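Per-chain numbering from 1; labels A, B, C and D assigned in written order.
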Amino acid sequence: MNPQPQHLKSETRPLHSVWRKYLYDVIFEADTPLAKGFDLVLLWVIILSMAAVMLESVSDIEIYFGYYLRIIEWIFTILFTIEYIARLIAVRHPLQYAFSFFGVVDLLAVIPTYLSLFLWGGQYLLVIRALRLLRIFRILKLGRYVNESQVLLSALQASRQKITVFLLSVVTVATIMGTLMYMVEGGQNGFTSIPRSIYWAIVTLTTVGYGDIAPKTVIGQTVSSFIMIVGYAIIAIPTGIVTVELSNLQDKKNKAAAEQRQSDPCPKCHSLSRDMGALFCKFCGHAFG
Amino acid sequence: MNPQPQHLKSETRPLHSVWRKYLYDVIFEADTPLAKGFDLVLLWVIILSMAAVMLESVSDIEIYFGYYLRIIEWIFTILFTIEYIARLIAVRHPLQYAFSFFGVVDLLAVIPTYLSLFLWGGQYLLVIRALRLLRIFRILKLGRYVNESQVLLSALQASRQKITVFLLSVVTVATIMGTLMYMVEGGQNGFTSIPRSIYWAIVTLTTVGYGDIAPKTVIGQTVSSFIMIVGYAIIAIPTGIVTVELSNLQDKKNKAAAEQRQSDPCPKCHSLSRDMGALFCKFCGHAFG
Amino acid sequence: MNPQPQHLKSETRPLHSVWRKYLYDVIFEADTPLAKGFDLVLLWVIILSMAAVMLESVSDIEIYFGYYLRIIEWIFTILFTIEYIARLIAVRHPLQYAFSFFGVVDLLAVIPTYLSLFLWGGQYLLVIRALRLLRIFRILKLGRYVNESQVLLSALQASRQKITVFLLSVVTVATIMGTLMYMVEGGQNGFTSIPRSIYWAIVTLTTVGYGDIAPKTVIGQTVSSFIMIVGYAIIAIPTGIVTVELSNLQDKKNKAAAEQRQSDPCPKCHSLSRDMGALFCKFCGHAFG
Amino acid sequence: MNPQPQHLKSETRPLHSVWRKYLYDVIFEADTPLAKGFDLVLLWVIILSMAAVMLESVSDIEIYFGYYLRIIEWIFTILFTIEYIARLIAVRHPLQYAFSFFGVVDLLAVIPTYLSLFLWGGQYLLVIRALRLLRIFRILKLGRYVNESQVLLSALQASRQKITVFLLSVVTVATIMGTLMYMVEGGQNGFTSIPRSIYWAIVTLTTVGYGDIAPKTVIGQTVSSFIMIVGYAIIAIPTGIVTVELSNLQDKKNKAAAEQRQSDPCPKCHSLSRDMGALFCKFCGHAFG
């Protein structure tokens, strides 16, 4: 995406192509005031449309304002539809966009409302509507947060295997402990089945602790004290993993910066490596300025 | 704030100015015994005034001792008013102080009591009274904790963007998960609306787990087990971020100290950089003592 | 387990031995397509057999499908028995395998069903059935996760003593705090005995917080606020321990990789240690290419 | 405590002194089999006496076995009394021991039972009895855990100031948030007074979340969602602090070990600093073996 040749090309492009390039810059980039304005408006439309979805679920509000909320929902849906079509027009490869992650999210943002015309129980499409919120990340992606989310994602990705092993261990411990508690406590104390006991074990291991199911017998409380302390100790593991990964990424960044600094070549022998604080080049004896 | 020239200047200042300088030292600095005493008294007055605010909210105590507590509140308010006026007099730029963070906090510490004379429902100003507690940090700021809070604040500030991305992700996950659970569990199990379900999702993701709302269906418990494990894993992220930042700050401090140590110049060639444990200067061959 | 000589040996081995070697490769290794297929089938059989165990504990399902679930359980048990016998045949030292960790786990996977023929209350063997899940780790062990679990286990092992001291401190704090709360709150608020109060203290210190027992008096709430903040602060300790260990292991790995990189010997004097970025060998002055 | 001269001295000491030295070794050291046996017996007596204290608090057990438990308590008390007197005799400075931390703990282990002869309500001395558990740390102190607990304590001590600032911030945030919630929710939803609301805020911030008090209004739930996410994010701070301190201590240990390794002096010039992997001394050119 070297801007220079593209700009040169655009001078010889037909008007139609110039217009599409302009549309692309406004919708997908964030460099011009208009593009920034577009992002800001989109951000608010997304937030307001989510607010409308939420309010519709509150029964008191639904009763009095349901009619208006449905109108608002349709307005937002039409806005999102226009935006989706504009995106399809603006990009060079519409199909590639349509099947990209954000392309699918954009489509899912408009589909539920149209489907609700034909289907009963359209309310079961609510989660799909909630996915609209993911679109906020695209807006941020174009801003200054891109680096930070990259770093976080890299750290998570680098420690993916360690985290898989960790999660598998948690699930295994929860299963064995859940089965044990099902035997120890039994159905009359809320541990009515093994799946339910495993649910309890996960609630306990993760230190969430709702208290909807809680051990009542002395043995059960002893076993769960043990589980809690284990859970308390192993919470250290994902933290350690992510911290080390983040620290590694930081070290690489620091080292790259330090090498950049050191790599001013010696004016005489042009050797690229000078010791920290050296006054003379260690390869030719040239005195640094 | 070079003390030497200021002291010289003060000899030629009018009496009025000397007195203000003296007041400033007592109120804002913590070097003289009187200034330390002032801080200590202020610390206790703040704590006692907070205790009075709290006790007034306990209905049994309010009934029997409410009259005395209101008198005590007025005494504290008058003390704080005198202190606020003294601060305004002592500083060189009263307006700049008045609009500074602690200036506003100082003003908010006295206003609610005066307002309660004219307004009904003065109790809604309680939170403003609680802000008095923030004034404790000013007293500490003048003490030995200044470095430590600086380090913590720097670490938080340096990782501000990463934390913003993290919090936004938590809110997005909570919204999508909350909507999902609203659909799965429905109103009869406590998930009466999407906002309430999002509240539940945040309670779960952050491992707080009140248990006021808890999943009852098998699917709901499965989904929430998944949410809990996700929450358990992503708690690692802010921890990793802050740890790496603190570690960076520590490294910088250590490096600065090490450079300080190494920078005793060579007695012969006065080169400032000596290798760890070197017996001879690496720039002129002079033997170190 | 140098494969070369074994392969040479196998050419002169009797057919019986060749067949056993083949069986061993399929069951214990994961290099051939057949071995990978075996692992995959075993993985699913384990998961399905666990699912059957869980479903049997749900009373509604047990009533309608109990008969079929018991048949399925017998099918899985027979499959596991065949697998266990095959493992015994395949290995060179059957007894050594039988008493190894996974040998015992394999045996425990089949025993409960056979025992249920002779014993009443076979349901108390449920936990033993749940141990089947541990066998998943063997399958992973042969895969690409071996390194990651090794790193996690090494980190835990290296910090074993620190974690012991930490857990002992948590138990001591919980005991003293539990006794204190038993005195402060007393039986009428749920703190009916010291063991129960210790259980509460562990629930609180580990931030699980069921709420089945909660302080009701003002003193009790003050003491438990203190305990919570202590628990909140000391959760940092295991995290710190594991992070430092993981970071150490990572450093060692990085250093080993760096040394590997540096250890290309000098072409002239064959010295193995070259400085980072050096242009000339520091031992013989030979210019690197 | 140089053992050599002490041993020389003891040969010329009177029999009385030799006996005291022997007693000291058995009780305070852990090098001889007898001393190790003493520690082991003491460990079990402490654990059993704690078990007796706990069992006495369970009302069912108290009714049937209370008489025996009181006899057992007296036996343990007499054993601890003998041990305490033996310690007083064995040490050179009895008063210094008596006022040391463990001296006071040893005394507190026996006092409650004697006091119960003269005082009613001796049960309020239960916490003092629970302090016996602290004596376990002395036994460990003499073992191999001494290093590990030292490291943990050093890390906590080094970050004492940072942790103070952190805890003060948590308390301040809890106070302000508690006051806010008292106003928002009010007494009818369980937030009956500011102290109680602060207790709730601490329960929430520390992610304990009992659920005995939970927000019921929409505004209350919104505010507490915010508090939870803040609490979730700031839990990173103590973790970061302790991790960095532990990491620092580890670095120092590593560096000390590395210096030790490098400090084998050059056989020719006796310079103490050799570069990692150097084949020739960098100070005199002597070839290392």
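Please note the rule applied: a residue touches a chain if its C-beta (ideal position, glycine included) is under 8 Å from a C-beta of that chain, and two chains touch if they have at least 3 such contacts.
Treat the numbers as computed from the prediction; the structure is a model and nothing was measured.
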- Item | Most remote chain, CA-based centroid, reference being chain D | A
- Fit chain C onto chain D over the CA trace and report the rotation angle, somewhere between 0 and 180 degrees, nearest 5. 90
- Query: With respect to inter-chain C-beta contacts, which pair, A-C or B-C, contains the greater number?
  - Reply: A-C
- Are the two sides of the chain B and chain D contact the same residues or different ones, given that same means over half of the numbers occur on both copies? different
- Item | Intercentroid distance (Cα basis), chain C paired with chain A, Å | 29
- Item | Chain centre separation in whole Å, for chain C relative to chain B (CA means) | 41
- Provide the list of chain D residues touching at least two other chains, using ranges where the numbers run on. 166, 195, 198, 207-211, 235, 239-241, 243, 247
- Note on the structure: Within the complex, chain A is touched by chain D residues 207-211, 239, 243
- Note on the structure: Note: in the complex, chain A contacts chain B through residues 50, 53-54, 57-59, 123-124, 126-127, 129-131, 133-134, 136-137, 140, 144-145, 147-149, 151-152, 155-156, 163, 166-167, 170-171, 195-196, 198-199, 202-203, 205-212, 235, 238-243, 245-247, 250, 276-280
- Complex contacts: residues of chain B adjacent to chain A: 161-162, 164-166, 168, 172, 175-176, 178-180, 182-183, 187, 192-195, 198, 204, 207-211, 214, 218, 221-222, 224-225, 228-229, 231-233, 235-237, 239-241, 243-244, 247-248, 271-273, 283
